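Please read through the structure below; I'll follow up with questions.
Just so it is clear, A, B, C and D label the chains in written order, and each chain counts residues from 1 on its own.
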């Protein structure tokens, strides 16, 4: 997963991008970067690490143009290196281009292989490079026309931001897998993965960029283009379950309120459940648990203390120390746990290994009974559209198949998964409009 | 406020201190340090900043002795400099000594002035230096005897850890203002400000060091000494209201459970209150709000999103950016707020300026009514025992006197303070055992 | 100017590259980088800054392959950014390639323009990218065949190192502008810009790579290829005048001994000159001055103290401080200067502004007479082959034309330039084998 | 050894101290610090490392007073830690004091022991603390009177700078072991260990502070005090041999010119010596070698290339790399060495181990004969006045006694030491005025 942000026509474009990326940090902690255009020349600065580790006043001062795009990247196994960090920089016949991409292009390998046969050279392992090479081979007279011409050749999930010396462009794939929101602040146009990054800088949310739509901001004006008809609208339902920030508005409601509603539906599905308290696995689990508590009248009590200083920079001096640091990030709150029957809610079960550790920690702290409630259905298929799920074989719902085996594996006394119907109902767009391939195996694009 | 930690007889003493200080980080973010003794020689490393910024494997490797003490220091105005960071290091006729102190010695200035007249030299602005100078002038034959002899001369609040080449010593003032807990892990003895720092490294809590008691760990054995009778037990009640970590055990219960109970008492005192939701100011407010919700059946809904990456290292590029970063740390969750009547709970009202901003932010997000509930009584007197309160004149309860004026100042529609009786009841030791001078102006020591 | 280094078949390839680049640091202080190949996969690490600032044990540990190439880059105006730092990384139909380049390709802009028309995308401003794009469009079956096929299309100066998963390749342009030396250490083959970088790691110098020659090291064996006949041998004569390290062996002698000889020739040309002392502008000037002193019997006395700690990391706190730091790097030694008639030798006169400052500093320190002797002829033409000379208009010998006007401009009492004949004689290859375009305007390639 | 610098009445006091300390860096590379006084309050910043690594614009901005003192400290075994770095900070009955000290107080241990018996507490291992404790016990009414009263109690070598809120004070011991120079720049008074640090900031040298003299700068005026009669003038002769920077003026001449003269005397003492070239061990050896060459007409030729980037920050990735980095700092220049009979001059022979390595390196490079000439007499006694010499047993002249055994140990073909008479003659003050205890064992103070 990744987060993208772009802003036009603002003297503080890089600084506002910095604040925005900081707010989108939950979408990617591996690397971050900002590209800016000034006097017709692009500058950029990418690095591994967190937004607040990477940027300092002198770096931001060096990115002093009026338009900027930025990117935060999620840490996925195997391809973690600075040449994969974004925005990517390119120089082609249309001049300098910076690109930020959220999503996953299914036919990228195929496109890149064909391009390479004809002499194309790549600077990264990313699928994001494919589109630029397609564009650079276009016969169109400028970059943006070429982009509109070539985007339909891509299959898969993409929300793109392009920046060149003339304009800032946003484009969203025809299925609308990944979010892309348009906002405005004074005379600046803003594109962002989530509304929270626009609100933090005082911008007004306008609307989402539609599937198959592109927007180009040039000379202070915005124009909209449709480069493809909307295919089957396939917004990722997992964004609301896990990725998006609780205060972001998605499908007309905040993510927090959808999760609260899910909590209520969970209780309805588990009617008759008896427990002393309900709690959630921090951080996303707590909103579900609050909804469950409101519906069930079972009191909501936090059972874990999260260390607010535990960022990625905590250095474990050596292997031997790991045992002592097990509770460093998540410490059990003993008297909330001891002797209690607990409904514990987590957003999802992927491999099951984290739940196993958490339930063990609760049992060690004296929990009498753990009723595990999962705020989404079993995950049975990997995501090809940008979420970093493991292979099918590693998914616990595939590996162990039966619910009771899964329950045993994670050490819970009871286990309940939310039904897909209720998930869809809570997320608010109706059955037809979500990609829920991870839960039902039906992929909108292959 | 500060946090202290000490450990004996452990090959990993500095590393475990590091993990423990990280867990005590909430007690002080200005500076941190660790001193260790190896082969009869003390080493120490102090620096401004957060624990995880200061220590790295090579620094920890340089602190390789079997006993260590550590300290985190709170940022208080005016005296923020590295020579005030602790542990303090001294070399006197008893050899090398490192000292870590939590508290405030009321007669330190008087003692230091007298000492200076007789030629004493100080390396810091801290009151903590006074005791070492008293000790160094003792006629006793070793450091620890001298310490036991001199400690009674100090007035005020202190939990001390002393480390020299022979032993690790802990001492708590005769009033017991500040916490000091004894724990054990294998053959190591541990002293800590809060239980959470012992539990994180898998230690077992033994008991509190009593007021007027000292403990000395030498050659793997612990001995206890009473250097003063217990004066009026005066444990700081504000620790539970604000400072302590929710999962720490204080007075036999976790801090979280005391706060939950306070939330219930608040509702009892406000019987008949009508609201759509109850919420808390992050982070300490949420436990109160959950208790209030449980008692009132008014649903608890978070109204602010806290940015988990917002540590102190976020650099505001310039003054102009401040307005854009107002919501960076605490972003209002709009659909939880809009049109709602909200009971908002905060731990305390000091100057009132933070509440003013928070209520303004909620009103801007569309809150219909804010019923402010404060989880403690009005603060009417400054603390002289280690809590960084402003001068009497700056306290809003002193400055504006009448509750209704305070309510207007902070912009609330209603305002309620918890009664002192209920606070004491919730905190669990009974009227006689707490220092509550900030609420009633009755100082145990002057 | 830049420096390059490559090594095959060595467990310590990155570490040895690091030591070697440190020794080549005088050839470029803007950026440095190392690429290494391990288990068929390339890794690289480039950064702005000095070699010892960029690399640390953990970075070097991440570059753990058996073959490596490295690069140091000179700071030239306008194009200083990390995407221009080398080695450059590419992924094309032949797989991953890293490239390090010393020189300047005259027809790069033309080639890149044509490539861009056909869709090529560039990641840097460098001329070095041109060759990779030519190669990636070849029909040959492997990278090295393709390279040998395409290299002849380049015009200008180049010493290249290429690294891919199979082999390490070195190639030198058919004119031999820039140096490229082959050395051997145990079973490792080494390519280096200067001999000093091979000697520092205990390698044995074998010979130079010839103009138009390529060498490929694969499976522990080296093979030599001629991809072009030698054109007119055009080794850069300015390397010996200014760039190369005194202990490097060039044309069969150390650079220091060539400079010593030049000092002698200077005296011969200035026969009858009278002075109290002869001195050189640090650092390159001293070798000339020693030769002059030996021939003239005028004592050599240093007149400037160079601060050995003055690397690039000295931060001038503000503009106001600049005046105080004028002598920080080069402090006049007063009693060596006062009242003296001084023959002062510098390697070359480019813009003349540095000489002006230096002579002013000597006069302020009481020098009676400054006889400026320049160890090379007037520079009348810019270099197109990799030396960072200013535009023709900025060259003092072009701008002021007459020697006496130049003398007046720099503030010298007398001025003498070395003759081109003597320069060639001292440098040791004979008239026909040097590029001396900067002195005579005759460019071997256009 | 250490270097000290102080400046009064200058808005840029800390920045000028920074530039000055940078120029005094050769006197100490272990740690550095600056203390400054502003609005009656002292600030200071000390750290391990080099001046340009420690200070940056924000640190310097925090030291914004009008008067400042600074210190660079030499790395000596065993006591390298930040609490020994200077300026030291103290707070006593006279208020805040910062102290910078160059030298060694012989009776410090005795004084400190007595003080400790009476309750004194020390913050460092340094002998420098003794004086402050003596002062803090004085009955005098202000700090400076107390200092003048107490300084005579110290035995040994000291040049002190004291800074408090009122004034800047300099004091030099009655023997004048260590240098201390007074200079002036506009209305600022300056004290410095060496003239070079005053000249670099454009100050005018006034005179030396005399042995037993103190100077106090207050309210823009300087006053001089004699706190002791001059004892036997005992200026350290080794400063000129080894420590001082060539461009510093000592005893009326630059250090470079004294070394040049020593080179001449060496030749006179070695009359009849035959060699192809004369050379020096960088850096101090070259001035001697130039004097020798001028007298002998044997050509001076550098035989080593010193890497100008080799500061202390070069990180040897691991043990295995050490062999490859032997020549990193000092690379032999082969064609200057091969087949040559070389007079090699070094400043002194201490343990002999460095000479052994250097001569081995020359022989490996083909030197035919090494005639080692040492620019000082045999060192037979350790220094107790501030130079970091090893114990008597480690001194090669003590250990091996006979010159021929020493010659064999270092691997030279011939060995000559300068006579003490000629050293004294060259250094220019006459027999009676130098401390030459390291050469003759006669200690002025015990």
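Note that in this section contacts are C-beta pairs under 8 Å (C-beta built on N, C-alpha and C of every residue); 3 or more make two chains touch, one makes a residue touch a chain.
Worth saying up front: this structure is predicted, and the values here are computed from it rather than measured.
Shared contact partners of chain A and chain C are absent. Shared contacts of chain A and chain B, meaning chains that touch the two of them, come down to nothing at all.
Set against the C-alpha centre of chain C, every other chain centre is closer than that of B.
Measuring from the averaged C-alpha position of chain B to that of chain D gives a distance of 48 Å. In this assembly, the C-alpha centroid of chain A lies 60 Å from the C-alpha centroid of chain D. The mean-CA centres of chain C and chain D are about 37 angstrom from one another, to the nearest whole unit.
Annotation for chain C: no residues touch 2 or more other chains. Contact between chains, using the touch rule, shows up for A-B, A-C, B-D, C-D. Interface residues of chain C, counted against chain A in their complex, comprise 43-44, 81, 83, 89-93, 116-125, 132-133, 136-137. Listed in rising order, the residues of chain A touching chain B in the complex are 12, 15-16, 18-19, 22-23, 25-26, 50-53, 55-57, 60-61, 196, 199-202, 245-247, 249, 253-254, 256-257, 260, 283, 286-287, 290, 293-294, 297, 299-302, 305, 307-311, 313-315, 317-318, 320-321, 323-325, 327-328, 331-336.
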